[in-house]
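Paired with chain B in one complex and with chain C in the other, chain A is shared by the two complexes that follow.
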Partner chain A sequence: MRFLIRRLGFFVLTLWAAMTLNFFIPRMMPGSPEEALRERFSKSGSVVSPEQLRTVLAEFGFDPDKNIILQYTEYLKAMVTGHWGVSIGSSLGAPVTTLIGDALPWTVGLVGIATVLAFVLGTLIGTIAGWRRGGLMDGVVPPVFIITSALPYFWVALVFISLFAIGSNPILPNDFNYEQGLTPGFNPPFIGSVLKHGILPAGTILITAIGGWILTMRNNMVTTLAEDYVRMARAKGIPNRRIMFGYAGRNAFLPNLSGFAMSLGFVISGTILVEYVFNYPGLGYMFYNATVSTDYPLLQALFLLVTLAVLICVLLCDFAVFLLDPRARTKG
Partner chain B sequence: MSGIKRIAVTAVAVGVLAAGCGGGDEPIGGASSNPSSSTSSGGSTGQFKKGGTVTIANVGGQTWPCQFNPFNPAVNQQALGFVYEPLTFVNVLKSGATTPMLATAFSWSPTKDSIVFTIRSGVKWSDGQPFSADDVVYTFNLMKQQPALDLYSLWTGAGLTSVTAAGDKVTLKFKAPAEPYFFNFANQVGIVPKHIWSTGDAAAKPATWPNTKPVGTGAFTVGSCTSNNISYVANGSYWQPGKPYLEKVQYPAYLDNNPANLDLASGKAQWGGQYIPNIDNFYKSKSPENNYWFPPTANVAIIPNLDPSHKVTSNLAVRQAIAYALDREQISKIGESGYQPAANQTGVVTPTFDKYFDKDALTAAGYDKPNPDKAKQLLESAGYSSSNPLKLSVITVTGYTDWDASLAVVKQQLAKVGIELSIQDLQQQSYNQKLFTGDYDLAYSSLSGGPTPYYELRQLLYSKNSAPIGTQASSNYSRYIKPEVDKLFDQYASADPDTQVKLIKQISGYMIKDVPIIPTTESVDWYQYNTKDLEGWPTQEDPYAQPAPYNIPDVGQVLTNLYSKSAQK
Partner chain C sequence: MSALVAGTAAPAPTAARRPRGGLWRAILHNRKAMLGAVLLLLFVLLAAFPHLFVPWLHGDPRAIGDLPLEHPSGKHWLGTTGLGQDVYAQLVYSTRESLIIAVVVGLGATFLSVIIGVSAAYLGGYADDALSMLTDVFLVLPTFPLIIVLATYAGKGNLTVIVVVLILTGWSYGARQMRAQALSLRNRDFLESARVRGERQSYIIVVEMLPTMTSLIVANFLGAALYAVLTAAGLQFLGLGDPNSLSWGTMLYWAQNQGALVNGLPAWALSPGLAVALLGVSFALLNYAFDEISNPALRPVRRRRARSH
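Here is the complex of A and B:
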């Protein structure tokens, strides 16, 4: 039990430290919301005086002259109570919660599913490859995927687009999350369109992410198979399948689990480049955009989400290890 | 990738190619009440059958917040022209020729410090309520009460003192002659309905009100909006009979240039405001129906820091040497692939503003062609030599690949006369900060213009647009301060058209004499259009409005002129 309490305490402390950094780091970036807005505004034609822009931003609650400590305490309070404010960047005036609410499902859906899939498939392939080391599968599959995982994913994305999505009647769409003009909801055309639009970006993530899982799982597997308890299990005549998954697999899997927890946490931050290339309106792109337009409220909220997601996943992983690994229990 | 966006960002707003098109120097009070009269392609009303859709590909770099408050600078590009309309449309491509919109006519007082608009009758808001002079008065007075709405500082900067209505006449009174602000108050301010903006949340917080279901007089209303796409539908009770011809406008939220450019090339989107590298190969060759036109708008220039604390660049001989050393044709050809034409030292964009262009003065000063020998002499007289070379650095923005290419050419040209130029690529934010506060020697930059060269030159050279080093200047980044030039700008407001031309030429004279900025190329409006199903586009032959979808309120002119060929059958 002490193990769990210690973990929880650590969670709270890390969260506070991260939130403090989230507040100060964006403010140390060069540039200011005023300048970013000025740059954007010149787009629609007229040069607007800096004083006028300050007046506009003040309406949306941006007050740079306020005492920084006061701003910080207000920020902490707002973050905890969920009053995340409105964007002061490119979506000036849009509530941060709405912006994130619109983008979150797409990123979690796309990147989340692709990450889980990559992990499950990678672990499975790694387990089998490690079990039959030296076999045909071990000789071909891991090297191939290790090469693909070394490819930069925006490049893979561009190759996919030029293979599948070029021309006036392409096989798969090259951008967006669903066809314009469809009504979002539980209707077959919409769901079909979402799936169709997800294939290329998800494929890109899968191909580039799976290699790492295969390699680590295979190597863990090889090490674990040399353990005495595996030999013992064999001697007892336990079926191969059970040894593979229940004895060797289960133990080889543990080191991978915390890596997986981390990568799940980072799902929230999206995969900026994939979203960029496929014009997929998720959180990764929003992150980039908020940085460019020095959008403090949006940045803070996004950072908070990423921090929370990583910390919660790590915490859950700790709990899972606690359940899976008897040694953690006795030590705790 | 994002660098390319800049071009769309800077290219904006400005006047073009209309050289010789009709003598629209003095805005003409509309005798005709039919706005399509100024366009040849639109023709008379009710000429085309309704139907069809246009899809716009213009990278906004954001998902849509689905807000349509025309006073919010982040979203007004999706509101003005589509839903909200101005009193009078000013065509910067035709030397400021006017098209009556919500006002059928206007007339200035002789001293040009007050103007009377005749408000159009029979116009309805998209919710069915009648539009009247009261709405106009309400819109302007709202901007007075809420300074945040007054984006063009009409009440504080332009000297607007009162806006009143009498019958169908609305009078705007100013402290001083205000003709140059006509472009802002008649053309850039969208009129909003009093019956909506005077109640509830809209009245309480007009600056931040999201206005998700906008009610306007424009040709389109918002049909549906998601963070992905705005779908506009034709306004059935639009006041121009028979218009709009199109039934729908789709405005997808493109986040990056690549997908937008791909969709333009494949014809999935038909109207673009995009910089497309190698456009002939990537876009034009894909279909005979893919067209583009890049009307030049303002200047791209090397901005020297004139503040005395910057000893080298505040030295006139050095600036002259740079101006003489540059071969602008070469910069245009190599750096900008010829998409942006060469600029000239007078600061007047040609051929758009040809009649303000003082070619003789340019030739007399020797700036009509590159003159490296003269540049070398000047540098010698300033005390530089091969043993004591002049070293300068210029700031530019990381990712603006065309600027990098242009500056590489500039660097070569300057090296020939003995100037060692180093190019500092900065991230956008750092670049802005340095430029605005004057923390640089040379900066590569571009601005937006207006219906005459006055607008751009005033931004660049008027002392009130400057600020001491360390504080943000609003647009006179070179910190050029010359009372004589200020006086010329001040005279412009009340001058007659011929005198205005003379004043601009005099100001150009100071551009040549003092070299406060060094123009290199002319920035353009990026504009692609597909004619497979749609016709009625603005073209070089018929520049009835600025053509890019990011030009507001011009976008409204284009939308009411487009028609679908398949719907005519």
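Here is the complex of A and C:
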């Protein structure tokens, strides 16, 4: 029980730390949000009165005349209760929650599926490679995937584009999430288009993410196979397949679980570059755009959301480990 | 008693020296480590003496040329940019900044990991709880968005800011590993004997403990350097670096902005990324090799060679 309370405490503490960072970074850095806003407004040619500016900034929780501690508590309250304000970027005035709601399914669908796929495939390949030490697979797998795991996301994306999406007859589209002009819904052309637009970005994530899972799983497997209980299982004459998955694999998998939880949480942040290269209108691309247009409210909300996603995944993983691993229960 | 103390103190230097000699031999005998080291050496040479690789270039590789968007040819090996700059020359001269970022961030982040991880393990109690919590918080904070936010607010293009931010966001994973290893060392006999000898705590940590952690520290440095190379290139690619700097990420940024791929110039669009990838690969290979060196169980099995001996 102490273990769970500790983890819950960690959850709250980290969330608070993230929100605090979120609050203080814009206020500590040179150049005030007010200036950035005025500059943006004057660039777009619209005339904004100081009162209007003040209203927008108040939405953002920024009021230079107010006590900083008061501002901070108000900001925390607004963040926790979901009052995330309105965008001051390219879609001026739109509620941040609506904008995020529009982009969220695309990122979760594309990157979430690719991440889960990379984890499942990588763990399987790693298990097999670690099981057959010195086999053909173990000779080839580590060097190849050391290399793929060190490739930059965006470079793989660019290579894909130049191979498949550029030239006289491009095989696959290289930007956006579906063909313009199609009506979104459950109709074959739309679904087909969505899938086609997802292949390259998903492939990019798969190639760069799978290597890490394979390598750590292989190494965990190798270490676990040297344990006495595996030797014991062999001596008892338990079929190899059961030892591989039920004894060694299961134990080698546990340390990987927390890594997987974190990577699920990082789905949103990890794909900024991929979504940027493919102009894919998900949360990563939205984050990039919010930075370019100094859209503070949107940026804050996205940052909070990413942290929340990581924390929830880590918390779920803690509970899973608590259920799966008796040692975690007794350690306290 | 004095004989006992002398007896335990004497083997310490040899014990400290042995892994180093073994380390070199291990690197020479590990194919992954050799490949990684050769690649890294090449990049170090490129960074130190770029003019040797582009002897015909006089002046700044950023100078605007009169033949924009050239395809690769004998004169311009990788073609030219939209401003007529030679892509190959830029690529060579960009090595320096990318390598410096990697090394500085690698050193800084490793330093922080060692300090925080080892002191957490060594001090124990509440200090350990606090430091571990700090590590976990930094581990979970979404790094890349945080870097983007910081880089944006702190003024785009400031290299120092990028380096500091990368160090601050890159230490936590290593600190966790350091703490685990230091914890396992804490109650070993050689540390106990140093304590009995009455050595200062700082002496015990620096002279007795750290040498036994060499391979983990090196692996950590390589991991942090890999992280720095990839992240810095990503940031610059997004346009958050100094657009006038000579670095691979900045080259990628301009290639993307001037439509290198659309203009049918894949050499320009892809070669800086390939350089980033190769530098990353060299760090990753060395890192993995160090894992094998410190944990012999992970080494590849070579039956044939063993028989021929």
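Heads up, the rule we're going with is that the second predicted complex is superposed on the first by the 285 of 332 C-alpha atoms of A that agree within 3 Å, B and C clash if a C-alpha of one lies under 4 Å from a C-alpha of the other, contacts with A are read in each partner's own complex, and residues count from 1 in each chain.
As a working rule, a contact is a pair of C-beta atoms (placed from the backbone, for glycine too) under 8 Å apart; a residue touches a chain by one contact, two chains touch by 3 or more.
The model shown is predicted, which means the values in this text are computed figures rather than measured ones.
Participant: Which partner does A:L117 reach: the first (chain B), the second (chain C), both, or neither?
Facilitator: Neither partner.
Participant: Should A:L215 be classified as contacting the first partner (chain B), the second (chain C), both, or neither?
Facilitator: Touch partner of A:L215: chain C, not chain B.
Participant: Examine A:Q52 and indicate which partner it touches, taking first as chain B and second as chain C; both and neither are also allowed.
Facilitator: Only chain B is touched by A:Q52; chain C is not.
Participant: So in the superposed three-chain picture, is A:T294 touching just chain B, just chain C, both, or none of them (first/second/both/neither)?
Facilitator: both
Participant: Once chain A of both complexes is superposed, is A:A226 in touch with chain B (first), chain C (second), both, or neither?
Facilitator: Only chain C; A:A226 stays clear of chain B.
Participant: So in the superposed three-chain picture, is A:V310 touching just chain B, just chain C, both, or none of them (first/second/both/neither)?
Facilitator: In the superposition, A:V310 contacts chain C only.
Participant: Who does A:S149 touch here: chain B (first), chain C (second), both, or neither?
Facilitator: second
Participant: In the overlay, answer first, second, both or neither for which of chain B and chain C A:I161 touches.
Facilitator: both
Participant: A:Y276 contacts which: chain B (first), chain C (second), both, neither?
Facilitator: Both partners, chain B and chain C.
Participant: Which residues would you name on chain A as touching chain B in one complex and chain C in the other?
Facilitator: In the superposed arrangement, which is not itself an observed complex, chain A uses residues 29-31, 161, 166, 276, 292, 294 for both chain B and chain C.
Participant: Considering the complex alone, what residue numbers of chain A touch chain C?
Facilitator: Within the complex, chain A touches chain C at residues 10, 13-14, 17-18, 21, 25-26, 29-31, 133-134, 138-139, 142-143, 146-147, 149-155, 158-159, 161-162, 166, 215, 219, 222-223, 226, 262, 265-266, 268-270, 272-273, 276, 287-288, 291-292, 294, 299, 302-303, 306-307, 310-311, 314.
Participant: So in the complex, the part of chain A that touches chain B is made up of which residues?
Facilitator: 29-32, 35-50, 52-53, 55-56, 58-60, 86-87, 89-94, 98-99, 102-103, 161, 165-168, 170, 174-178, 180-181, 184, 275-279, 281, 285-286, 289, 292, 294
Participant: Note which residues of chain C are touching chain A in the complex, please.
Facilitator: Against chain A, the touching part of chain C is residues 32, 133, 136-137, 139-146, 148-150, 152-155, 226, 230, 233-234, 237-240, 252, 261-262, 264, 266, 269-270, 273-274, 276-277, 280-281, 283-285, 288, 291, 295, 297-298, 300-303.
Participant: Flag every residue of chain B that touches chain A in the complex, lowest number first.
Facilitator: Spelled out, the residues of chain B in touch with chain A are 1-2, 8-10, 12-14, 55, 60-63, 65-67, 69, 72-77, 80, 146-148, 150-153, 157, 184, 188, 205, 207-208, 210, 226-229, 231, 250, 252-256, 258-260, 262-263, 266-267, 427-430, 432-433, 436, 447-448, 450, 459, 472, 474-475, 550-552.
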